[in-house]
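What follows are several structures.
Each of the next two complexes has subunit A plus one more chain, namely subunit B in the first and subunit C in the second.
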Partner chain A sequence: MNDKKLEKLGVYVCHCGGNISDYVNTSKVAEVIQQEPEVHMAKDFIFMCSDAGQKMIAEDIKANDLTHVIVASCSPRLHHMTFQKVVSEAGINPFTYRHVNIREQVSWVTSHDEPAATEKAIRLIRGAISAVVRLQELAAIEKQMIQVGAVIGGGVSGMTAALDIANQGLPVHLIESSPVLGGRTLDLDKLYPYEIPADKFVQNLIKKINSNENIYIHLNTEVVDTAGTIGDFTLKLKRADNKLVNTEEMQSFEIIENESDAINVDELHVGTITIATGFDTYVPLDGEYGYGKSKQVITLPDLIMHLNSYKKKRLEINGKIINKVAMIHCVGSRQIEDVHPLREGATLNNGCSRTCCTATLQQANRLKDMFPDIDIYDLYRDIRTYGEKEVYYKKASENNVIFIKYPDEEIPQVDTNGSLKIRTVDELTYGLEVEVEVDLIVLAVAMIPRAKPRLIETLSLATGVNGFLQEAHVKLQPVESPVDGIFYAGTAQGPKDVRESTMSASATSVKASTLLKKEIVELSPYIAEVNTEICDGNGDCITQCEYNAISIVPIDDGKKQAIITPALCVSCGACVPACKKNAIKLNGYEITTILAEVKAMVKEVIL
Partner chain B sequence: MDKKNNPKILIISTDACSYPGIDNAGQKHLEYSANTYVIRTLDPVIFPVYFYLEAFDAGYDGIYIASCGTDSPYKNTFEKLSARIELVVAEMKKRGLHYSQIKLTAICTVCADHFVHELNEFIEGVVENMPPKIKA
Partner chain C sequence: MINNEKLDYDALIIGAGIAGIQTAVDLGNMGLKVLMIDKQSSIGGTMIQLSKVFPTLDCASCITTPKMSAAFNHANVTTKTLAEFSGFTEFSDDTFEVEIKQKSRYVDIGACTGCNECADACPVIMLDDGYDEGMGYKKAIGVPFATALPQKAVLDIDNCILCGRCANACSTSAIHFEMKDELLKYRVGAIVIATGFHETQIIKERFGGGRIKNVITGKQMERLLAPTGLSQGIFRPSDSKIPWSIAYVQCAGSRDASIGVPYCSSICCMFAIKQAILLSAAAPLADITIYNMDIRAFGKGYDEFYETARNMGINFVKGKVALIEETETGSTKLHVEVFGEDGGKQEIEHDLTVLSMGVVPQWDALMSKKLPVSLNVDRFVKEIRFSSEPGLTTIPGVFAVGTSTGPKDIVDSIISGSSVAGKVALWLKGELRDSFLVEEFPVVM
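Then we have the complex of A and B:
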């Protein structure tokens, strides 16, 4: 704490040009708040965020030796940092500043009852007064940054992420578990929207990677363990000796490991980690739509791979000439409980895989282009060729693909005894039952999370309801993990097409590069802290921490104590209530402070 | 204020999800009771059982916990929070408080309408089940 008297508080009530003062009696608020014992001065003003408003606050701080400042105005999401900067420049610790939201949460939701809105504003400010005098002075934690990035996964997302980081002049390690770069894109046909052949797209990326001196490629290499935190992560690598590099394939894609890359590296030290480990495709259950019972039931990736090298004039699969094809959407996606079969121990995948409608219709059109006489039945629940991808649907319609919309809860039945038959109900013809004899059934299988439990566990990452890696915030932090310095790219995070994957990789790289460019990284001061005088080291807190941020260490006289690794703490607060002795607090969010705020808000207001 | 029809509600919000969602209700100028007070946390999992009980003791008639649900950026906190609220409800029962005076829910960043609808329903439930001494 500074030497100034603790309770010398300035409270500033903003009119927001009428957005607040039209519904809240702001001068009355200032008048009532002025009576609070801790308050040295309370003022209302037309725009606190204006230059004049900010200048007034700064001058008041200096002239009156204020110790704490509260501004009651719009949401803190807009101007908390503005006023933190004002008070900081005027000599007050920015983490003791408090912002009260009397616009979005008062005036804009109580526009027909000025006394009630005024009373609410007063109560909220009283709560803030009670809290602000208890706030500790904090400082951001500074840490040296290792200015080297790592990207785990060498598919198109990983390659794009690595290239974008490298193009910022930063060294980056690209770690791929298989012998080649390219990932699952190598198994595709042409890519939306420009219909570039997938292999050409991958080759182009690989050429750029090989010519970039900032990228260090590690093929056949798994990350088996990690340690450390933002700015200084350690990755333990294992190069799979039994996975020999396919030199023929390597040459065809011009991948050449530099001499420096070929060193059998055991450990890497990096400042940020980008996870681009991709996805797996759903494998249908034995008998699901006839899969495994008939060789003529295949998956969409199987069909694409088959066609990629197909040269004959008539389509032949597994020794059978194909004249009629049925394509079934949503296999393993958008699953409904008690409707879709599940593997033992598997969880329901109720998410849409987003890409398979487009991919299915792209292949339907491809089949029609290659074999015009073929008949195609497309069995779908909803066609989700979103945005410009609708052109595939339009073309399929023009190609006379026959669309059959089956009900969500009545999945098509496949008969593999004798000739291959498919039966379903068509909602487009008001529930007409349809039975078609076909030569081939193609299943549009789901994108599912790639099983990387070790990596998820060692990096303390969160997964969402469908098992994909979950970002810190879907809109505000869409490529950031909850762990500082770890980012997501591509389909590790959820179903995406190639364009979306590379876009997310570029977004990730901006985030990673911004950090890597700094020599010193500042970490949030809102971390858990142990009161060493109270802690008896019983370890109750450890079981609640999902991020390995707490450890128990021996101290004098054979006693133990919990310690927190600041950079590993994500500020969730789960450890706080675990301690029966109340020996842990979350800085900036102390329970005693919040309780004081909560209690102060219910005191009677006399207007 | 008329306590019977206008109970005092504490709303616990989260930085990542419900606080922006509640702000969004304001941006849409959706009206709801003025006797509601929002506090902002990183995750409500931080609060021990006694926090809720002391809030009731202080004079709140209802506590509405607008969490991130399973979308929480923190691992397994919703499960831990749910278990904690079960303990709170058990303690509330001992003190003659009704379970309808607390609600654990999930509010997203754009759940403005949902928030107002749910909050109004919650307040109705609180009013309906207020203990007689307060209701009178």
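Then we have the complex of A and C:
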């Protein structure tokens, strides 16, 4: 514990361009903080994170020999690293930097009361000051990078991700749970907007994968458990016995035999992990738009598969000649509470699946091309053929597809008794009630997240919007997971089409291969540490650690002691209260530090 | 095979918006040397002009400036502003000699401290139709805007009256009226087009043709809402009054073959919804109506954002705006065909109308002459391997990112920037040539 009086502490209060300063009197905060005995200088500025703000800190450090810096701005998730880098480049130990969140924790939540918000900001900064005074000089923990990548999922995203890492000259494991590579793209027809046949597209990719010596393919293989951190992840694999099914249909896809037996492993050690586990399609509820009640109600993927091998002049489905088709959008997507039926225990999917509007209209046009006399009714809420995909909407209109816009809250009613009928309200004709008799109803089903809870849990990942994987920053880090060294490629992160999946996959491989090319990876020193003088090795801490970071080892005199593997510790702090002897501390967040912070925060504030 | 030793830079990036910046940072992190140029006086592109971003409502400056700074200060990235691409020569070893016109700043960038004393001394006040979209003012000299990078003054010689007051005020004698444009030449291994987009510039006659004062564009509203904007509040241009009723006309510059923009611009629904949410805070009593054909909230979390807007009382009306007229009080009268029950032709007045203009590529015929990549039917840069290796143009070694290849939001621009960085790195290793030579789409039609 270091209680020496700080000589030079600089505190910077950010306006966040009004985000903070509209609700917090930032100049007052700087003025009050300037009076704190430990503070050498306190300033406020419009955007601390801007180049000008960063330069200000760097120049102050040099001109005033500052030893410690605190920035009070937004969430540390956004800019802790930004400022850590600034102070580090200016010659200060980055681990003595402290970040105070006065935006999410103050201005955004205390926006109704400026004096209270100002006071709160001051208290939080005072807390940080008292913590900074007690900070030890910590150094980053260095460990060896295992320069091998892993990609979980062998669809288009996974294959692209693996290929891009391999092309950078790095070995990569491609792990696929099914017997074939290709994923869901194999179920498609053609890729818009250039109408590339999906099977040819996948075939091409597989050829490249097969001829790349850096890629180790694991088919029929599940990742059953994971451990470790960036630079050294362990993946436990389980290979299923099921043999390749040699159906006629599948032979067209040049399936790779399971040749990876040569590396018959059940455990892999890799430096980075790319998750490309893809999506599932929504299965409509029994009776939802007549699904399950009538054989003439099918899903869009069903229709695509049916048409892919269809040769006849007239469309026949389930023994019925099809003259009239209704296509219904947003089945399982954009769900509204009390309007859309829900499976028991399921959560509402209020998100848009992004691809189904274009895919539906693509198939509508295909039906019109194949069977010109067919009538198509398209029941939609909003047609979302964004960007260049608008041509599919235009072509469908030219093909005389009849568009019926149903209100968000009044979903179409399907009658399966006797002939198949749809009843709905059409907003395009100012609310006319429409009833049409059709031979076929096609449901544009949602993309939903694929359930991989075990993987998510063991890698300490989280799911966000509608159950898709949560990225590190929605806007700025869309392919990075919140855990260092783990990336998301393709639809595991959210609905995407093939091009968008490819792009995200390539983006992950840029990040992954940049990391993998480093020989040393630096880890945060804010980890748990055992006081060997107090620890009696009773093991209470082990049961609390979900990351297998603690082990008990025998020492002299038959005694035992806990040891923490720094690379495995994620600084969660769960072990700290578990130790009844207070033998474990979390560096940077010691109990004494936290108590001192609390004490500093409750001190009276005079504005 | 590229001989990297001959190169001044591994790659040239034309355009320093968010996509170009992302590509530069990723290439730099891979240890490659990058020259990033922008024709504006600051990097940051469109994103630095924005107020907040959807659906997180992060302030745009807060998340753009660190990215700008990361690229600008990157050891492997050299940045030049007021620099225009003006031509290239291709060599047999797959490298290029690029010509860059370095326009004169009239300020010595090394001497300028960014103190802005020159702007204070300058007597010329004029409309800022660049960064501020005509919603603010600037001097003939000064640092372009608060978060500009580099933080260096720039002189607008066309509007300067050569009074010399700025030069007198400048304590470092950084201002040089006689400074000349320069032509710079560099040998590079790859070129990345990151020239971005601008708003559709044609305001249709039936929307007033640009003559109705209280009809503004989405980007102008963006500047009114931005914390870095001059106004620090919402007003309507004709009389500076606070508008109590605001209309958004969607697809005002897209999905319309008559103005040459048949495609959907992908971002306008979301920026209109975002602005409406921000306006609910900036002008809490204002009624906001968004007239639309379809709301295209297709990205992750976007439909939920749309739902939030509806729950906040923002009015979404399905319909088509046929005509906008100016009333005697300066307000706007919209003639709308409203869909839905009780729909039909209606005339509705609003104090202020915002046109959600479309996304049109910055890359124009002039640029195509200097760098003749093929364009697609929508005049965006064509990608020959659209689905398998996005970002490859029709010239081997030339890549394209962000909105230069089609409308994209920020997330998709960033993903595009990163993904193409990988392809550039491969090209520089001497690979990828085959990909450039084989178009993927005419396989079987």
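Heads up, the rule we're going with is that the second predicted complex is superposed on the first by the 365 of 607 C-alpha atoms of A that agree within 3 Å, B and C clash if a C-alpha of one lies under 4 Å from a C-alpha of the other, contacts with A are read in each partner's own complex, and residues count from 1 in each chain.
The rule is simple: contacts are C-beta pairs under 8 Å (C-beta built on N, C-alpha and C of every residue); 3 or more make two chains touch, one makes a residue touch a chain.
Note that the coordinates shown come from a computational prediction; the quantities given were computed from them, not determined experimentally.
Of the two partner chains placed by the overlay, only subunit C lies in contact with A:49; subunit B stays clear of it.
By the touch criterion defined above, A:113 lies against subunit B but remains apart from subunit C after alignment on the C-alpha atoms of chain A.
In the overlay built on the shared chain, the residue A:465 is in contact with subunit B and with subunit C. In the overlay built on the shared chain, the residue A:341 is in contact with neither subunit B nor subunit C.
Contact with subunit B, but none with subunit C, is seen for A:572 once the two complexes are overlaid on the shared chain. In the superposed model, A:554 lies in contact with neither subunit B nor subunit C.
By the touch criterion defined above, A:476 lies against subunit B and subunit C together after alignment on the C-alpha atoms of chain A. Of the two partner chains placed by the overlay, neither subunit B nor subunit C lies in contact with A:539. Subunit A has more of its residues touched by C than by the other of subunit B and subunit C.
When both complexes are aligned on chain A by C-alpha atoms, subunit A residues 464-465, 473-476 touch subunit B in the first and subunit C in the second.
The touching residues of subunit A, counted against subunit B in their complex, run 75-77, 101, 103-106, 108-113, 116-117, 119-120, 123-124, 127, 460, 462, 464-465, 470-477, 482, 526, 544, 546-547, 570-574, 576-577, 586, 589, 591, 594-595, 597-599, 601-602. By the touch rule above, subunit C contacts subunit A in their complex via residues 26, 29-30, 53, 55-56, 58-59, 61-63, 65-69, 72-73, 114, 146-147, 149-151, 226-228, 255, 262-266, 294-304, 307, 318, 339-344, 376, 378, 386-390, 406-408, 410-412, 414-416, 418-423, 425-426, 431, 440-441, 443-445.
Put simply, subunit A touches subunit C in their complex at residues 16-19, 46-47, 49-54, 74, 78-79, 82, 160, 164, 167-168, 191, 193-197, 200-201, 204-205, 334, 350-352, 354, 357, 382-391, 394, 405, 407, 425, 427-428, 430-431, 464-465, 468, 473-476, 478-479, 493-495, 498-500, 502-507, 509-511, 513-514, 517. If you check the complex, the residues on subunit B that touch subunit A are 1, 8, 10, 16-17, 19-20, 22-23, 25-27, 29-32, 34-43, 45-49, 51, 54-55, 58-60, 70-77, 80, 84, 109.
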